[in-house]
Amino acid sequence: MPRPRHARLPALAAIALLALNATTACSSAAGRQVVVYTSVDQEYAETALDRFEAASGIDVKAVYDVEAAKTTGLVNRLIAERERPLADVWWSGEFAQTVDLAQRDVLAPYASPSAADIPASAKDAGGLWTGFGGRARVLLVNTDKVDAADRPSSIRDLLDWPISPDQIGMAHPVFGTAATHAAALYATWGPEAARAYYQDIATRGVRIVDGNAVVRDMVASGELAFGITDTDDACGAVKRGAPVALVFPDQEADGLGTLIVPNTVALVEGAPHAAEAQELIDVLLSTSTEQALIADDWIQLSLRGAPGASACKLGAEVKGMGVELGAIAAQLERAKADMGAIFVR
Amino acid sequence: MTSARPLAAWSQALARAAGSFDGARAWRSAGMAVYVALAYGPVIVLFGAAAQLLVNSPATAARLVPTARTLPILMRSVAFAATVSMAAVALAVLIVTASWGRHGGRALQMRWAVLALAGVPPYVHALAWSSLMTLLGAWSMGGQLGWLGVRIQFTGLSAAAWVSTLAYLPLAVVLAMMACEHVPRSLREVAQLDRSDGAVLARIVLPLAVPALVMAGALLFLITILDYSVTSLYQVTLYALEVFVAFSQSNEAAAALLSAVPLMVVCGVVVAAMARALPRAMMAPDRGTVGGGWWPRWPVPMRAAQALAVGLLVAATGVPLFSLIRLASLSTAALQTVVQAGDEITYSLAVALSAAVLALPPALAAASWMHARRPSAIAWFALCLPLAFPSSLIGIGLITAFNTPFLPLHGTAIMPVLAGVARFAPLMALVLFAQRVRLDATLVDAARVLQGSTWHGWRRVVLPMMLPGVVAAASVGFVLTLGELGATLIVAPPGRATLTMRIYTYLHFGASDSVAVLCLILVVVALVGGVIAAVALGAVAGDRSAADARPAGGERMVNDASRGLAP
Amino acid sequence: MMGIRISDLSFAHGGRPVLAGLRLAMRAGERLAVLGPSGSGKTTLLRLIAGLERPAMGRIELGGVTVSTPSVVTPPHARGVSMAFQFPALWPHMTVLANATFGVAGVGKAEARERAEALLAEVGLAGFGGRYPHQLSGGEAKRVALVRALASQRAILLLDEPLVHVEPALRDALLGVIRAQVATTGATLLYVTHDAAEAASVVERCAWLVDGQLVDDAPGALPRPG
């Protein structure tokens, strides 16, 4: 008498499971390896890390962030792993979270020889992290909707530009570089004035969207006339031929300046592969890597003063906000709390 | 001989203990312990950290209570989730009733393939509708349908509710099928002698299916209220986002956990209410309503409503597929995208399958344990508490639990599997409990008397009868794990990524054509899983042939409160 | 062979007492019929003996071993009890033969199959082994359930109205099968029925469940055997 057909299913499932797991079994390389956690966009980080892997023979295992997690996941993973870290290197696309990690004793001091020509203002005094390269917070304008002569030139234009506020957008200022931007304004204008600015943005009805990439996409498609985003997102739209233009805000002589957000690299405290980690850090902080990342359009500015060959053709020097990175980081927690109170409702 | 007496007494005591040893209870308890460890482990660790935070910083206790700002967000979240879940269930019932009597045999069983569509993540639906609106000349996520000369805003709560309802509609259809199609034919046929088909549906079938439909609605409520991925795209803030904001602001998992407590309380209330609604009257399923020779003739208004619901299901299926195929067709490097994502595809399949299989035994044990004990509302609350946890917090809890010298699993490929188990074992337990409740108690009792051992009866009687629920639970675990991001991101081993992680990466980069290609793969994988589930369910149904045979002898309503009483 | 001893057994459903201080003593191999009106607790008594319910008070001993008290209940399958339920309770995913051989233990598969097929033939279901429960009539299902209980040949046999839905022409034959099996195995038989005449043909004595207790004399409204 034949057994019921469904009786075979558990066995089939077990066989399929074993087969699948066999095909994904990871045999760890016997050679050298380094583990890097990075909030840099995978598209760019992967290229740089592949170059290092090919040149050094060190196997690079990367953990990338995704936009939806807005770096929060990766940072908290490092904090949670503090007692038994998996990561060797932390490479961030910004600095505020790196400062927070340093304050939580997640990072270890390392003075890379490659960073000798990087200004001291872009490095931690205790050697816990080093900044390099730079992205900027820019205005991305849809050229089909806004004439060249009528383009906004300041972040204050979000408040009084003569168009419907639902044509203006910015990423949620609780997360990522948008939060860092808020903290920079707190450090520059003072908390009360900065808070008032964002309160006015909320009151006006400027569209708050899910990330810088969303701002980019909506400006490129014409859903927005202009918005604030990062240069890497903006340059991505330019490269794809979207009808957009970048504007570095507040570049007048007496203007606020544009927030420049450097990448940061750090050695993780207790890194399982410290020697390999230092090698990777040396390469990431090198001028050649910086130039390559500029050419790839992940970063658009060099803290070393070298212009680089950005495909986005930004060219001219950009006037920064002139505020210490540490001062910005010190305002981050308060700024995030206020942004949550204003925009999360 | 005095020394022999204590020995004899001990022997007799041991013999009595052995004789009274209830293997079933022992296995249930062991399985429940495993369930607690897997589903609650990360939670308990975080609760410990939260308790310590409260002790060290009593002011953080303020997070436990919604403020004047966050209370409206919480209320909005409840209203939103309730609207979406009720709408999805109502539409699902219309769709299921529309499918009765139209097809027979294998085609009927293949309806379960709609489960595959449940594997399409909600954000894909949102992007698809956005793409459709753009194609129509409108702007999505805040746009206006100018193309039609009508200024309609597709934004805010209404747009988010529309997209969410359609995104969860396939899952709702599967749950509604399970709810409506286990009503004994005899009960329906008796009513048919006196009432129209519509009245039979309204007065017999649906009331008997209500408890399971309540459970379906509760499940959808929980899924909706905890997922902010769609609503955030439409500028709608749910409380789940507030929790994530708290996490981001403080980088303190314990503080974020305290912020999540109000949400967990709401979810717990829903689960407890659902538990009280579960049927005390268990129906002995000799034959389902479908395949039992019922070709209902519905009233015209109902047929219209069914047509609308089916149309919405078609839209829920067609719009994402159409948008994805259209975008994928624009890709000049589709094959390259697939090749590049090969590792992620394989890894995702392995993780999802492993999580579904690994979660089954403890989920089965939990369902059996709850069924055996007639749990209180507090027990239900405790069972489903992990459902209310933000995924990222579960990830952090997993690291804390498994990044120790004694349990050094962090960094290994199994961690995302544990994340899937921790997140979805409670959901699977609920599905299995619903199936367990519907098992004929007399059939189980007969096995308990005649079995050679507990394992004998479980393997040959209980498990086969529960197979539809087992397959359904495993399928739910599989598709949800496939789309899981929050916890997976935290625990994915270095050098490994899932398909969902890669999709999100491309989303950020703006490579919408690559996103479309990968999402299509996700849909295909989910479809394969759904077909497997459909075949499995069809095999079970085939063993009880759908032919128009005479009814099996003997059926009765077994009232749990009156079991054992002679009629 | 095992006897049954029940002392001061009490059980309630939803607050309503069903059995109140019931006592019963059966020697090994004895055959007893339990009669009583609907709702008197006949099936409850069988379920308690089978270990499917926990008593509120009292004690049940099988073969001199205590198997049920309010605090301890030996699992049903470990009691040496076989039972045919009031409703057939055939497992829908198993064939008639698989149902019938499920409780057979201690012999090879071939012998179990032979035993079950022989019994099926005796009850008029020869050749039905490959069918599924949904392909049976009510009476056929009852007969299969009876075969399932008899085939296991356990020391105690509990039959809960085994001939309900069975056509009258077959009843005598089935009663004969029951008598023969019990005589062969020496099982202790507890037979629940409404039909005193039916009971009289298989058992040695009858008892009536009245007000939660077993009495030897039938109350006025209840039938006596013969």
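Just so it is clear, A, B and C label the chains in written order, and each chain counts residues from 1 on its own.
Rule of thumb we're sticking to: a residue touches a chain if its C-beta (ideal position, glycine included) is under 8 Å from a C-beta of that chain, and two chains touch if they have at least 3 such contacts.
Since the structure is predicted, the reported quantities are computational estimates derived from the model, not experimental observations.
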item: Most central chain, Cα average position; value: B
item: Of all other chains, the one whose Cα centre sits farthest from subunit A; value: C
item: Euclidean distance of C-alpha centroids - subunit A vs subunit C, Å; value: 75
item: Subunit B and subunit C: spacing of chain centres that average the CA atoms, whole Å; value: 42
item: Averaged-CA centre spacing for the pair subunit B and subunit A, given as whole angstrom; value: 35
item: Numbers and ranges of subunit A residues touching at least 2 other chains; value: 4, 6
item: Set of subunit C residues in contact with two or more other chains; value: 93-94
item: Per-residue multi-chain contacts in subunit B, two or more chains; value: 464, 540, 543
item: Complex contacts: residues of subunit C adjacent to subunit B; value: 11, 13-14, 18, 38-44, 47-48, 50-53, 65-67, 72-78, 81-83, 85-94, 102-103, 105, 132-142, 148-149, 152, 165, 192
item: Residues of subunit B defined as touching subunit C within the complex; value: 16, 19-24, 286-287, 440, 442-443, 445-454, 456-457, 460-461, 464-465, 540, 543-545, 549-556, 561-567
item: In the complex, subunit A residues that touch subunit B; value: 4-7, 9, 13-14, 16-17, 20-21, 23-26, 35-37, 41-43, 61-70, 72-77, 79-81, 83-84, 86-87, 97, 100, 104, 166, 174-175, 179, 207-211, 213-214, 216-218, 221-223, 233, 236-237, 240, 333, 336-337, 340-341, 344-345
item: Residues of subunit B defined as touching subunit A within the complex; value: 69, 72-73, 134, 139-143, 229, 232-233, 235, 237, 241-242, 244-251, 253, 343, 346-347, 349-350, 353-354, 357, 392, 395-396, 399-400, 403-405, 408, 410-411, 413, 464, 467, 471, 474, 485-486, 489-497, 501, 504-505, 507-510, 536, 539-540, 542-543
